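Going by the order they are written in, the chains are A, B, C, D and E; count residues from 1 in each one.
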Amino acid sequence: MIANALTVILILAGLVFFAAGTAGLLRFPDVYSRLHALTKADNVGLGLVILGLMFQAGGPADILKLLLIWVLVLAAGTTAAHMVAQRTWTHGEFESDR
Amino acid sequence: MSLFYLAAALFLLGTILLGLVRVLRGPGSGDRMLAAQLFGTTGVTILLLLSLALEASALVDVALVFALLAVVAAVAFVRQHGLPEPPDTPIHRQPPDTPGPERHHDDR
Amino acid sequence: MNGLAETVAHTLAPGLLYPTGGAILFALGLYGLIRRHHLVLRILALNIMGSGVFMVLLGVAARGEGPPDPVAQALTLTGIVVAVSATAFALALVVHLTRLTGHAVMLPGPPDDDAPVEDISREEHHADGGPAESSAGEDRSA
Amino acid sequence: MNALLVLFDLVLLAGIVGVAWRCLASTDLFRAVVLFITFGLLLALAWVRLEAPDIALAEAAIGAGITGALLLVTLERLRSIMAERRSGRPHSPPPDPTGPHALLRALHDPLPEHRTFLPALSFALVVGGLLVTALWHQPQSVGLEPVVDAHMDVSGVDHPITAVLLNFRAYDTFLELAIVLIALLGAWSLGRHDLIPARPAPGPILPGTLRLLVPVAVVTGVYVLWAGSHAPGGAFQAGAILGAAGILLVLARPRQLPMAPAGPLRLGISAGVALFLLVGLYGLAAGHGFLGYAEAWAYPLIILIEVAATLSIALTLVALFVAGRPAGDDT
Amino acid sequence: MIPANPEWLPAGSAGLVALSLGVAVLATAWPRQAHRIGLLGALAVTAWVLGLSATFLHAGPDPETAATRVALGGWEAPLGLMLQLDGLSMTLLVLTAVVALATSLYSLGYVHDRIERRQFWPLWLWLWAGLNMLFLSGDAFNLYITLEVVSLSAVALVAFTGTAAAVSGAVRYLLVNILGSLSFLMGVVLLFGEHGVLDLVLLEARTEAGPTERMAAVLMTAGLMLKAALFPLHVWLAPAHGSAPAPVSAVLSGLVVTGSFYLILRLWMGVFAPLATPAFGILVGLLGVGALIWGSLQALRAGRLKSIVAYSTVAQFGYLLVAFPLMLVDPGAWRVVVFFAVVHALAKASVFLAAGTLQHAAGHDRLAELGAVLRARPRTVFALGLAGVSLMGLPFTGGFIAKYLLLEAGLGTVLAGSLIGVLWVLAIAGGGLLAAAYVLRMVAPAFHRGRRDAGEAVSPWMDWVPLALATVAALAGLAGVLTLNTLALTPGAP
């Protein structure tokens, strides 16, 4: 019961971060600030949801899998943010027309 | 409980659809790539939630694969072949140990 | 009233909803294929049509009560692999065509005209490498 | 629960169709590609809803790992070719719609885009409408599920889809492997490859990520392959994951990696079909029919074929990504 | 002589699949020896097919139970996949073997570059294996897969010369092929959704004229018509066939297109038989008349030798469409149609091979400038003419017999009181005249006075193979009775 309640609370908190990430993606003025929005959702939003889901996991293997997913998404988010920022920095923001 | 997971998944699906506005508007390719990256993360989360809502544990594996390969598109986006690099940008101020000799080995 | 509710429920069951979506995707891909001339977009349109076919197949397999039909899922998997291979090959062809002609839209295909036709059985056209090679090679060394 | 599921389905389908529509209507190729990647993500969710986790797994590996990277790199290749042409030698003029045989060409060639709106729309509407009508009239056929279920105990594996793919309809799967191979042979026949140059990493982040991802990808690939005998997974999904890891290496390698020698590469890409064929011939000789197995041998033979197929698929996908044939293939 | 044993047929069919696949895999894995593997493989596969057909004719399945069905992996339909060997597939397998053997021998001379050989042979062997599998397949989804094997390898071969024209033709061909395959697959999916089986025989037993069948018939037929370049979906054909290397053009026009047509015929004789109505037949027949006229006119105004031949394929396939309404009146007419397709494939392949020889000698194939080479190469011109005569349908050639039988069937329609039958008869007779006109266009320069110039030396293979194949096409009439008898061994067919 407590586990369920914790799950619900953590997932709800995670959703808030996702919503904030999307809002930032839509509202922020340029790429660099939008990067921040993205990382919030990646790191914290998914992290909270996964934390919540761990309370429902069947065994240590499942927990490990969930943790692995989180680590992988963290790495992907970090790399993607870095790459996009770098490309924008070197090539400018508006070079998509082809 | 599964109703809650499903509702959460539906909410996240809604954020993806909202985020599509950024892909459509751009304006730069960086913005679009960022949005795609966010969708990837959101998709992983939706899959995890659905795995509980629909009681299908295999979906965790699907989420794992998405998480694993989320970075490929971003890397492809940045590190492409023959990208004409405008001079006088930060990367060019570094010592030019860039692809010159290596390309030689590479192509033939 | 009850009958109406039942009809609606039947219509909204995944077994009917998704095949309908698949049919829409198929038609949409067809529409895009006719309208768009850039070859990359045409390839995307064909992929979308393919996804429509797979969605119909999986939707049809998920109809009814029991577990979904594994044969349909196996066929879909095979179909997806075929689609990916064809896409990769098509993209390679498009890149090659662009290298040769400078644009990635379909050339008008006047069937006869005096477009030079290279004959691979003749020696002088390929001192080293294939003819594909000799034309592509210049671009790369440049 | 049911109402919410229906809502989920409706939103998902609307999203899928909307993304596909915007993708095809896009004037910017990059936007079209990003939308197509999103389309793949949403499709995976649809496959999940249709109780097809195997397909979702394949879609994840392909959509995220293979097709997305392939399309992005194709755009970049196209762009660099165009840039080279603009700066270099003159290029042939774009197709002229009013040449000497304009009428003839109009018959042979697509109309200009703005004049196709009505014909295309009405054609697509008719096709879609007829399809929907036919689908709505279909009965709820049981399909082949009971038949497969009745034969699971003699198939050698516990996962029905793997049983269909590698035992009941092994011939289709064999030809599927052949098609991947033919696509590569076709790409190779176009010319030598055009490798993306190695570049030193611009910071510590990418190499660090690579060091984490590539081993995890290998482990995941093996896991998915192993899981295939009793749960969603299998040779193609595993091959696609390993292939995506290979593509990542090709893209992000900080320095030149040794080239794969041509002979072993040829053997590697054809190992899957070759082994499959040998097993099939053995079945023919032993009286189980072409591509048949003795019941006791089914499991080990299926695993053997799957391992070879995984390796071949992974290699072939990476080679398709690189596109041209290796220089060593011509010596 | 050992008496032929009907028990050999299943193993023989599976063995044919395994053998042709084995040759292709071997050539892929060992490209350096690909041409040698290919030559040996071509001989072996041809021998195997001929042996199989001899067994089939002697010990053949009795016409009642008819087709030999092979359960692959020992799994019977509906669970497993079945191969299916009957008179129709046997005839086309033999046709494939003859044309493919000729093409292989020709390619020994045509593709002689060391590096090109390695690319050409594996793809060509996959194409051949794909065709063999297509004719043997008895399962709707498997047909889709084999169609893909055929079309991907065919596209790669079209792009083979690597010129802008060839690659652009290949891209068009690939897109058309993928579209056709997807349309076909959607039809298969509809049928599977309705009936829950994929096996053609089981499907045939379950189909009736419902909305699913109608839509599936439309989708599958349209997809295959695209692939077969049947009028009006033919626009991709000339660029692809005209710019491919000569042996590839020969196989595309002779076999690949025939393969799609075979499938249309098979589906309409089996699964979709309940849907065939006279109105539908007349519609198809009108398309055929359109194809005859349009293709012939294009062939008459084309400036390049290979384009003329490519357009004549569009025209000649018009005959096959015209035959559809005849088949509805006289159910036995389908055998004549297949016989016509066989003769056409042989003649068309030899014309393309001869054209390839001339193109090689002259360095181009612009008809206006080919005179000197034509005058200096009587052997090739003779091959061109002999095959052309067969295409026109002059007496004593295979083409004559085929057209004669078609006309007979058409007159039968008229006698049966169908007014529109007159149109079919006129089309069949008039098409022959148009064919005569474009064939004469091709060979006429040889009889003008003028300079002779043999041009580039050609290998003996390229010199003799077209002539040999053209002779086979001309003599195919002698095998007419044999072919018709073989075809009679098709189950469910009148």
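In this text, contacts are C-beta pairs under 8 Å (C-beta built on N, C-alpha and C of every residue); 3 or more make two chains touch, one makes a residue touch a chain.
Everything numeric here is computed off the predicted structure, so don't read it as measured data.
Q: Based on which chains touch which, give the shortest step count from chain B to chain C.
A: Between chain B and chain C, the shortest chain-hopping route counts 2.
Q: Applying the touch definition from the top, give me the chains sitting in contact with each of chain A and chain B.
A: Touching chain A as well as chain B, we find D.
Q: Taking mean CA positions as centres, which chain lies farthest from chain D?
A: E
Q: What pair of chains is linked by the largest number of C-beta pairs in contact?
A: Looking at every pair of chains, the most contacts join C-D.
Q: Using mean Cα positions, find the chain sitting nearest the overall protein centre.
A: C
Q: Centre to centre, using CA atoms, which chain is the farthest one from chain C?
A: Result for the farthest chain: A.
Q: Quick check: how many Å separate the C-alpha centres of chain C and chain D?
A: 11
Q: Report the inter-centroid distance (CA atoms only) between chain B and chain E in whole Å.
A: Chain centres of chain B and chain E, defined by C-alpha means, are spaced 47 Å apart.
Q: Please work out the Cα centroid separation of chain A and chain C, and write it as a whole number of Å.
A: The separation of the two C-alpha centroids amounts to 33 Å.
Q: Cα centroid separation between chain A and chain E, in whole Å?
A: Their C-alpha centroids are separated by 57 Å.
Q: Give me the residues of chain E that touch two or more other chains.
A: Residues 115, 119, 141, 145, 148, 152, 155-156, 159-160, 162, 164, 167, 186, 190, 192-193, 196, 235 of chain E touch two or more partner chains.
Q: Which residues belonging to chain D are in contact with no fewer than two other chains?
A: 28-31, 51, 75, 77-78, 82, 84, 92, 108-109, 131, 135, 138, 141-144, 148, 168-169, 172, 176, 179, 182-183, 186, 189-191, 194, 202, 206, 209, 213, 216, 330
Q: Can you tell me which residues of chain B touch two or more of the remaining chains?
A: Only 26, 29, 32-33, 35, 40, 64, 68, 70-71, 75, 77, 79, 91, 107 qualify.
Q: Which two-chain combinations qualify as touching?
A: Touch list across chains, by label: A-B, A-D, B-D, C-D, C-E, D-E.
Q: Which residues of chain C touch chain E once you look at their complex with the stated criterion?
A: 19, 26, 33, 39, 42-43, 46, 49-50, 52-53, 56-57, 60, 63, 69, 71-72, 75, 78-79, 82, 85-86, 89-90, 93-94, 96-97, 100-101, 106-107, 109, 111-122, 126, 129-133, 135-136
Q: Mind listing the chain A positions that touch chain B in their complex?
A: Against chain B, chain A makes touches at 4, 7-8, 11-12, 14-15, 18-19, 21-22, 25-26, 31, 34-35, 37-38, 41-42, 45-46, 49-50, 53, 56, 58, 62, 65-66, 68-69, 72-73, 75-77, 79-81, 83-96.
Q: Going by the contact rule set out above, which residues of chain D touch chain B in the complex?
A: That would be residues 1, 4-5, 7-8, 11-12, 15, 18-19, 22, 28, 30-31, 34-35, 37-38, 41-42, 44-45, 48, 51, 53, 56-57, 60-61, 64-65, 68-69, 72-73, 76-77, 80, 83-84, 194-200, 202, 206, 209, 213, 216-217, 220, 224, 227, 231-233, 237, 241, 244, 247-248, 251-252, 255-256, 327 of chain D.
Q: What residues on chain E touch chain D, complex-wise?
A: The contact residues of chain E facing chain D are 11, 14-15, 17-18, 21-22, 24-25, 28-31, 70-75, 78-81, 115, 118-120, 122-123, 126, 133, 141-142, 145-146, 148-149, 152-153, 155-156, 159-160, 162, 164, 167, 186, 190, 192-197, 210-212, 214-216, 218, 235.
Q: Using the touch definition from the top, list the residues of chain A that touch chain D in their complex.
A: Within the complex, chain A contacts chain D at residues 68, 71-72, 75-76, 78-79, 82-83, 86, 96-98.
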